[in-house]
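Note that subunit A is present in both complexes that follow, paired respectively with subunit B and with subunit C.
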Partner chain A sequence: MKTVLIEHLARVEGHGGITVELEDHTVSKVHFEVFEGARLLESLVRGKRYDEVAPILSRICSICSIAHSLTSLKATENAFGIRISSQTELLRELLYLGESIQSHALHLFFLAIPDYLDSPSAVALAAENPDAVRLGLRLKKLGNLIQGAIGGRAIHPVNCVPGGFGTVPNVDQLIELRGALTEAMHDCGAVIELMASLPAAEFCHDDTVYAALFASGPDTYYAGDEVIVASDGERCTVRAADYRNLTNEKSVLHSHAKHCSFHGRPFMVGSLARLTVNPQRLTGRLAEAMKRLQLKFPAANPMDNNKAQAVELVGDIERAGEIVEHLLRDGVQDERPAAVPVRAGTGTAITEAPRGLLVHSYTYDAGGRVTAADVITPTALNAASMEQRFRRVAEQYEGNEDAVLEKRLGMVARAYDPCISCSVHLVRTR
Partner chain B sequence: MKPVLAIGLGNPLMGDDGVGCIVAERLVTDARLPEYAEVICGGSDLLGCAGQMEGRDRVVVIDALQSDTDPGNVVRLDGADCGVEERQDHAHHLSAVQAMRLLERISSIRCTLLGVSISSATVGSSLSPGIEAQLPAILEQVLEELGRHPQENRGLV
Partner chain C sequence: MSKPTLGIFGLTGCAGDQLVILDCEDELLQLVSLLDIRDFLMASSQNDVVCPLDIALVEGAVLTNRDAEKLREIRRRARILVALGTCAVWGGVAAMDGSADRRQRLAEIYGETGLSYDSVPAQALHEIVKADLNITGCPIEKSQFLAAVANLLNGDVPVFSEYPVCSECRMLENNCLLIERGEMCCGPITAAGCRARCPNLRVPCIGCRGPVADGNASSLLAAFEEKGFSRHDVAARLRTFAPQGGAQ
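This part shows the complex of A and B:
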């Protein structure tokens, strides 16, 4: 028997590894081992007041702090029956877009692209292809600028509160955003051309189940309440409140992240799932980008998630520009957050974090304090799918070089853009 | 924009690891700070400060350095002097030295690193007595570095 072991996956967030065992070239065992320690953040918010929950749970992740904060607020608002204004919806969408832009830029340029170019890191890539790193930094800076203007600061927003925002952006801030977004539109072509120039990466093919929020309008990250699960040309709908019917979590002995499956099959969330579930988005520049990247659906190659992120970068920048133009044209009302009618109840929200579906669900007592909390992150949803893909990579590798197999496994892992720390949300002691 | 930027790095919740940030805090209120110098605390992410470095003549980074020399000893390193690990293990950010090297490669930003030798970094919101006692001397050396006449103008990114 031979074992191929990646003890620590590099260039992903958190601590995880992959073990592949082969017997006479037949794959006998594949484990995606998440050995990150328990976070216990859901326990931390028990007993906390409704307005303390989002700031605490945004700490689950610094890359996705906006997603956690806004999803938390949406769940709380659902529990209390709060309706937010259309201006708040628009500003939250813009904030979400800012996070997606910075997150996709970080992942593509600093974590994923070095793989394709045989570069060990973005630092090394900066010597070989400084223009690519400059491009990534410009886009990351744009995302941070949006997050700072709307959320109050780039990481862990302080301006998002139940019912709305503490303050709204002023005209000068919006004009600055418009200028930065206009410049970024010029960068979009370079992003797609760079992605199109990368060597092909086809390490496994597999029929895939995709799950993403259905977008009935232009907001593909925050609005909406229905998850579509798509596979084999079929689509099933799961409402946010019924999220356990989607996740079906179960503990596995070899990992601190639970495994999820829908109708017995692991599923993939993230950029590729969003585009697969919402093909109505794929017009104009997005359609052109898809064509240039030869990205077609249904995609059977998990590496296509990187291409999908590039397509989304173009769409996110375009949509953020539209929102800023709208706000400048119609003006921003200095409105106060909606009133919070505290009551006992449960609220659930599902949104699209940059890495995919994110679930927050809370139960409050009559005094507005949390009695139960459940948070399921994209990487937890993806963990079983990742493990299945690692098995396919090992099965479909026809060579005999461990280093090549290790590199392929690592690249597929990074294509999922995992945030391993976030994926740990309960450890069952035995 | 002031031509000289000092950036204190570190995590103040990890004891002596936060010495760079503590030095930055003390500098802000120190009457000896030259008028041409601005001081910020960069937390643990130097790359996140790249936007604030653009257009400066000089950037001085103060960070904790785990070494065998006496605690509080200050080592001066220009970017090119620092050995750097090209491999990148984490997603969230690069090490300070990796970030300095990356910025060197894609921009005209050049940093001088003042490494403050520490013996350990453990959970806690205060400095060890040894480092605390050395703070006046550390501040002196940082101020001396900030007082160096700019050797040459550095351009924009």
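This part shows the complex of A and C:
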């Protein structure tokens, strides 16, 4: 028997490792280990006032801090029966798009692409291919510009409050965003061409279940309330309030992240899942990008998630441009946040963080203080699917070099865009 | 002269301070040309994990024995150890409730398995090793980070302003959220450097940068009580990011 061990996975957010034990080519054990410390934030918000929850829980993760903050606010608003204005909805969608652009650009250019080009990092890559790295930096900066303009800060937004925003963006900020988004449209083609030029990465194939929010309108990240689980041509629907039907988690000893399954099968969330369950989105530039990248659904290769992120980058930039045009055309009203009628109750929200489905669910007492909080993150949802894929990689690897197998395992892990700080917390057993 | 060697490390946290470094899109390529980055796991798969370092940047708090061990190892390697961000400097959000029964909470969240996890109460870096420089913020401000690196590259010690968020807010001529609107704004005792991001957007400061040196927490407490906030709520707010800060 031999063990292939990645002690500390590089180029991911957070601390995790992979252990695979093999006898000949039979895999006897696969573990995705998470050794991020447990911050117990879920229990720390108990007793907190409704307006303190989002700023604390955004700290679960920096890369997804907008998603945590806005999903938290949506759950709180659902608990109190608050309706937000259509302007707030639009601004929040724009903020989500900014986060997704930043996150996808960071993941593709800094974390994932170096593997394909046999480079240890984007910094090393900059010496050989400075244009690619500059392209990634420009797109990252665009995402951060949007997050700063709407959220008040790129990481851990300060402007998002229950019922709306502290201050809405002014015309000058929107004009700056329009300029940057127009320029970025020219970069979209380069992103797709770069992705198309990468060597093929085919290390494991299997049928996978995908789960993502159904987008009934143009907002694919924030507005939805129904999750579609798609497998073998079948589609099941799970409503936000019934999210426990989606997540039958259990604690496992080797990981501080819990493992989730649907009808006994692990499932994948994230960009590839979003495109898979929302074929109605795939028109125009997105369809062109998919064609160029030879992306077809249902995809059996987890590495296709990287291609899906590139396709989403194109769609996100286009949609953000539309929203900014809309806001400039109609003008932004200097709205104050909606009133907060505190009452006892439970509220749940499911949204699409950059790396997949994110659930926040809270119960409040009559004074507007948290009595129970539950957060389920995309990486926790993906953990079981990742382990399944690691097993396939090991089974389907016919060579004998540990270094090659290690590299493949690392690449598949990165394709899931894991956010290990996120995965660790806050999944409550009941 | 050879370039200074640098390591960038994350203990337990949200990786936000490392992300701020990667968010220096306009400066990043120049920054890496001036430094010899040897160990940066979040951004590179090729790291020298034992070499001595001129500068070590460490974000996050210590929440596992593994974190503590790693921090001591970094200290042994580094000439200058910089605590990066509120978690590293003050303990951060995970430290807000030091009196909590950790075993009980682990069991509650993770079930019985939780009891076997490597888990210790959150500690700031200085509780384990000596930190030579603190750059606070949740996350750190890009401008302060770049200024600090520039100072270190020139052999200077970075100096940060020692006044509260309130001063910055007044310079921006904002209406006072605390006095005029009766909101629980922590600006008077929170370390400046963020250009009053929150009150400048009509959102009260929640103290994410930790307390300013010589802040007068008791006088703020009195002002809050006068506005009708309970002592319990005020103390909890002040402890959210920096348990050993202004809230004793």
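The rule is simple: the second predicted complex is superposed on the first by the 425 of 430 C-alpha atoms of A that agree within 3 Å, B and C clash if a C-alpha of one lies under 4 Å from a C-alpha of the other, contacts with A are read in each partner's own complex, and residues count from 1 in each chain.
Keep this in mind: contacts are C-beta pairs under 8 Å (C-beta built on N, C-alpha and C of every residue); 3 or more make two chains touch, one makes a residue touch a chain.
As the structure is a computational prediction, the values presented were derived from the model and not from experiment.
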item	value
Subunit A as common anchor, with subunit B and subunit C clashing or fitting	clash
First (subunit B), second (subunit C), both or neither touched by A:Gly152	second
Partner chain in contact with A:Ala127 - subunit B first, subunit C second, else both or neither	first
Touch count on subunit A, higher of subunit B and subunit C	C
Touched partner set for A:Glu42, first subunit B, second subunit C, both or neither	second
Partner chain in contact with A:Val161 - subunit B first, subunit C second, else both or neither	second
Which of subunit B and subunit C A:Glu33 touches, first, second, both or neither	neither
Partner chain(s) touched by A:Arg11 [first = subunit B, second = subunit C, both, neither]	both
Which of subunit B and subunit C A:Leu106 touches, first, second, both or neither	both
First (subunit B), second (subunit C), both or neither touched by A:Gly410	second
Partner chain(s) touched by A:Arg59 [first = subunit B, second = subunit C, both, neither]	second
Subunit B clash site on subunit C (candidates 130-138, 202-210, 220-228 or 238-246)	130-138
Set intersection of subunit A contacts, subunit C complex versus subunit B complex	8, 10-13, 62-63, 106, 110-111, 114, 120-124, 126, 130, 133-134, 137, 141, 144, 154
Touching residues (chain side subunit C, partner subunit A) in the complex	10-17, 19-20, 22-23, 25-26, 28-29, 32, 37, 40-47, 61-64, 66-67, 92-94, 96-97, 100, 102, 105-106, 108-111, 113-114, 116-120, 122, 138-139, 197-198, 201-203, 206, 208, 233, 236-237, 240
In the complex with subunit B, residue positions of subunit A that touch it	8, 10-13, 62-63, 106-107, 110-111, 114, 120-124, 126-127, 130, 133-134, 137, 141, 144, 154, 419
Subunit A - residues contacting subunit C, complex	8, 10-15, 35-44, 47-49, 52, 55-56, 59-63, 65, 106, 110-111, 114-115, 120-124, 126, 130, 133-134, 137-138, 140-141, 144, 152-156, 158-159, 161, 165-167, 251-253, 256, 258, 410, 421, 425-429
List of subunit B residues in touch with subunit A within their complex	47-48, 50-51, 84, 86-92, 94, 98, 101-102, 105-107, 157
